[in-house]
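Paired with chain B in one complex and with chain C in the other, chain A is shared by the two complexes that follow.
And now, the complex of A and B:
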């Protein structure tokens, strides 16, 4: 849609462009620049070329944190998709009770993540947590507690992320289910297809674009995980839950090694941009019918 | 007849099983919410009893304590100022931009839109580090303004994207008629397009509010004690395990109620924003 002779409208883009250049592009470029320096807050900076990047290759803690990040993102998003699909399909029925459930299920997604983290920390407390108590009553061996055992700490973070964000998956998939056309189902029923076949050969393929958007939204957001981990384990026990974000925060804002932290950030930046570009292209082609 | 009856009975049983499974899931999603609310009204003695007690005499003393003995009022005020500031600034930046995206073609439109959306894609830790250095340099470190500025980076971009979709769906004819009648393009935008885009404005404002109210990392990195927000304050109470979780729970209730109530009241808008406009 276009209005002739409305060049003034171009000016509407000016505020956000200037704003993002100052407060987004400039910080990112500053980060690129400073990653070539030995720089700590308060002390003079010294140019050291690519030494920060070379140091990173030998920085076992950072490499481990990247591995933990990928394990976290993949398992959290996978569980969210599986449960999200299941719950969305069960909920896809017009009745009052389903409507009420669709509303209530939204609550975790708006729950302040840090509060969610603290609440779960209490629920999973090794000695006093109610959930710990119930799990032990059920005879499940959770050692000293889910969040304090090395082997289960990351699992408990995944579980809390699944708690918080599966409902988002449910809502997106429900919206996708609602927009499906009726005709293929009628044709399928006439041909005598079973409910499972209708689901497998009609619903799933038609739902694919929705699932792709949902997966990308969740992957991008899962890469941002910070608050819940900060509230519960701060990266521990040991490095069991130290995702890249926590590691970068520690190096940059706890130890104030800004130069080195910047070089670590840039690795994450590249990963974020790659997934982000993919995401934007999918959204853009959905909205404008192709990339121009 | 009998065939029909058994068919509908089967259907009913099927539906009942379906509802039962969903309610089981719902229990998992709502138990922590239920727990924090009831803990906020518990006495310390009831707090740690195992098995957990769900029948007890509710008291208000936790709320009284956190408002009298802690800076909850100040934290709530800070959270509110930061959230409202972000809402206003994001709309000012994002709404005109979204309008421009939907109404004019220009070279680099795709690239600019891409750039805008990318802000949303990057982990906050990446940007908060250089942002803090810059805030130090210009003397804004430790202020609420610093948090508003960085929250707006994320939300102005989201608003621009969302609003461009909203304006796409508003026919351009009305504005053209207005221009023929002597409106300037800016007047046409403010008087004709803007009132029609109300649902989009509500969604954008709601998301900017939820984002900045729920933010923790930016507040953690950019505020000082007098400008701390609710999540930061809460973190400090958790250390007081000796006094129990009742204060923490009371603060949690205070922190969470505004976002939960507002987004459930505006559920339609909330759901439409959740899908990024990507599912229609």
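And now, the complex of A and C:
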């Protein structure tokens, strides 16, 4: 049997193409299409042009939600990168105990975010949560509770996200560390470089592509945050944890305004694409020591 | 060989496409009439399978027992899926609007009546009720219960479980002579379950002893339906309304503002610290663990206070009609769940579903239902001497049902959006993101924009 010819190749590509058209292209195009309609579930569609897009400029809650999303993404990803880098360097030694630790550290990432959210909801319960209890015993002022005070609710969501996803960062960076060539280090040592210099001028630049990929994955993922917040605060108290996806969910599935919710989703999609393009440019840019 | 490959690929494509369109549920046919006649003597609906989406309230678990009984009697196998409040609404609206017939029957919140009627999602039961009114004995059902499913001239759900809004309080503390004396010394009148909102304020203040982890009054604070619905109970006690009799938005009234200020005080002064994030179950837990002395609650939770496996206040609970603001004649809040039939299913299946509804709400099943965490709709159930002996709080429920208002949460088609607006704005008031005035004004502006 010989597989040859463009027709055969196309034939093999056909199932995945059909799959992508049905599950990816069609929903995206349909979403784009209905974003130009005043469409509520159970009512007929009415074409309104770009009115949905104009309405969001006055949608105070959506604007607030974009701001909260930015704060969440920047702080969560920054903490995950910092902790991820530090832990990866700590674990970058070969011994039996390190192997065990490297496996154990992945546990939080295995949790479904919704389950992680529910577990943390119980742990941080303002009256009955064990974490709340010990924080109060330590004399730390957490007000009425970390998840119910406006000043700390977003912080607690960031903390949970960092707990869950730092291990992923660790594993990606650790894989990058393992693949670094030994020669530059040897040259550095011969030239009398200190451990800090080796890290700053050899490890970090060589790790850059790995870090950029890890940042891209986590940034896009953090932009989509929904489940942890839904399980714990549902966007409250007030609008303190109303990220863009919570607002979109409210509009689409609580108010059933599918047309307007689609236009909001499209804005989030464009933001995601822009972030993706930016990271890919950094990854491939020579100016930033990229891989091209 | 090449042909085989092509066939394999085509098979995969068919599989993918079939997966895409596999969302809907194939409607199982009701048994053929001839077959029905043959087996009529035994089980008329043998082989019929149906699905019921039930709200995850206290009654839900026993619903499974009741459907088993119904199956034993009629042969119809009704699978009960228990869903949370938000999930139930979403699942049903999606099922109804996309005609996927996932569920034949579903519990319908009193406040969804208008929306379901206008959109034609559930069967209008009016002709069936008229046809079978002797069998149903409609006179035995409290008039207020019909609010569970009625909208204009339609009845899109049948009353199933009527909740009486009531004041729940710790009678052991209210009857304690030392507490009575201390209260008399401080406030100059006798300590008794509050009948007015100012008495409630005094008693909530009196019983709040944070150093002893005791809090005078608790309510739901979590953003969403929890805070919206709890606030509306206080709004009604203050004589406020969201919409007036003519459908005008009147939330920006003095009464509504006063009630919101009182509601903010609950969280600032009298409730456990975490109440600001409470859902119904959290609020009930705060009461059952002895943390809270008073709460405005639904009668569905009453039996649970006497269950030692979940309650630390067994034998210590009193129940009274909710207090009202001085000088205002207000009705008591009535809520609860009706049960509706999916309008998309076949007439034959609708008849079987209707038979189940009649059976479930019959006097005999209602009595069993009330003994197992259900709530009544029938006067005869509430007046039943045996039940009264086991549940001495039934006369309070009777009083609430007789003077009940099922409309203080407006059962209009736009209810869900109104609730969503209030869920945010009231939550912003209690977390001081907005002042009470700002919250009311923004809510009024947004609700007016819906019309």
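Assume the second predicted complex is superposed on the first by the 268 of 292 C-alpha atoms of A that agree within 3 Å, B and C clash if a C-alpha of one lies under 4 Å from a C-alpha of the other, contacts with A are read in each partner's own complex, and residues count from 1 in each chain.
As a working rule, a contact is a pair of C-beta atoms (placed from the backbone, for glycine too) under 8 Å apart; a residue touches a chain by one contact, two chains touch by 3 or more.
Just so we're clear, the structure is a prediction, and the values are computed from it rather than from any experiment.
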{"item": "Which of chain B and chain C A:12 touches, first, second, both or neither", "value": "both"}
{"item": "Which of chain B and chain C A:201 touches, first, second, both or neither", "value": "neither"}
{"item": "Chain B versus chain C as contact partner of A:41, first or second or both or neither", "value": "both"}
{"item": "Which superposed partner A:148 touches (first chain B, second chain C, both, neither)", "value": "second"}
{"item": "Of chain C and chain B, partner touching more chain A residues", "value": "B"}
{"item": "Chain B versus chain C as contact partner of A:253, first or second or both or neither", "value": "both"}
{"item": "First, second, both or neither for A:269, with chain B first and chain C second", "value": "first"}
{"item": "First, second, both or neither for A:234, with chain B first and chain C second", "value": "second"}
{"item": "Chain A residues contacted in one complex by chain B, in the other by chain C", "value": "1, 8, 12, 15, 19, 23, 41, 128, 253"}
{"item": "Chain A residues within the chain C interface of the complex", "value": "1, 8, 11-12, 14-15, 18-19, 22-23, 41-43, 61, 125-128, 143-145, 147-148, 150, 233-240, 250, 253-256"}
{"item": "Chain C - residues contacting chain A, complex", "value": "1-2, 5-6, 9, 12-13, 16-17, 20, 86, 90, 93-94, 96-97, 119, 121, 221-224, 272-274, 276-277, 282, 285-286, 291, 416-417, 420, 424, 427-428, 431-434"}
{"item": "Touching residues on chain A, where the partner in the complex is chain B", "value": "1-3, 6-10, 12-13, 15-17, 19-20, 23-24, 26-28, 30-31, 34, 41, 83, 87, 90-91, 93, 97-98, 101, 103-116, 118-123, 128, 130, 133, 137, 163, 166-168, 171-172, 175-176, 179, 210, 213, 217, 220, 223-224, 226-227, 230-231, 244-245, 248-249, 252-253, 258, 261-262, 265, 268-269, 272-273, 275-277, 279-280, 282-284, 286-287, 291-292"}
{"item": "List of chain B residues in touch with chain A within their complex", "value": "15, 18-19, 21-23, 25-26, 28-30, 32-33, 35-36, 39, 48, 50-52, 92-94, 96-97, 99-106, 109-110, 112-134, 136, 149-150, 152-153, 156-157, 160, 165, 168, 172, 175-176, 179, 184-186, 189, 210, 213-214, 216-217, 220-221, 230-231, 234-235, 238, 245, 248-249, 252, 255-256, 259-260, 263-264, 267, 270-271, 274-280"}
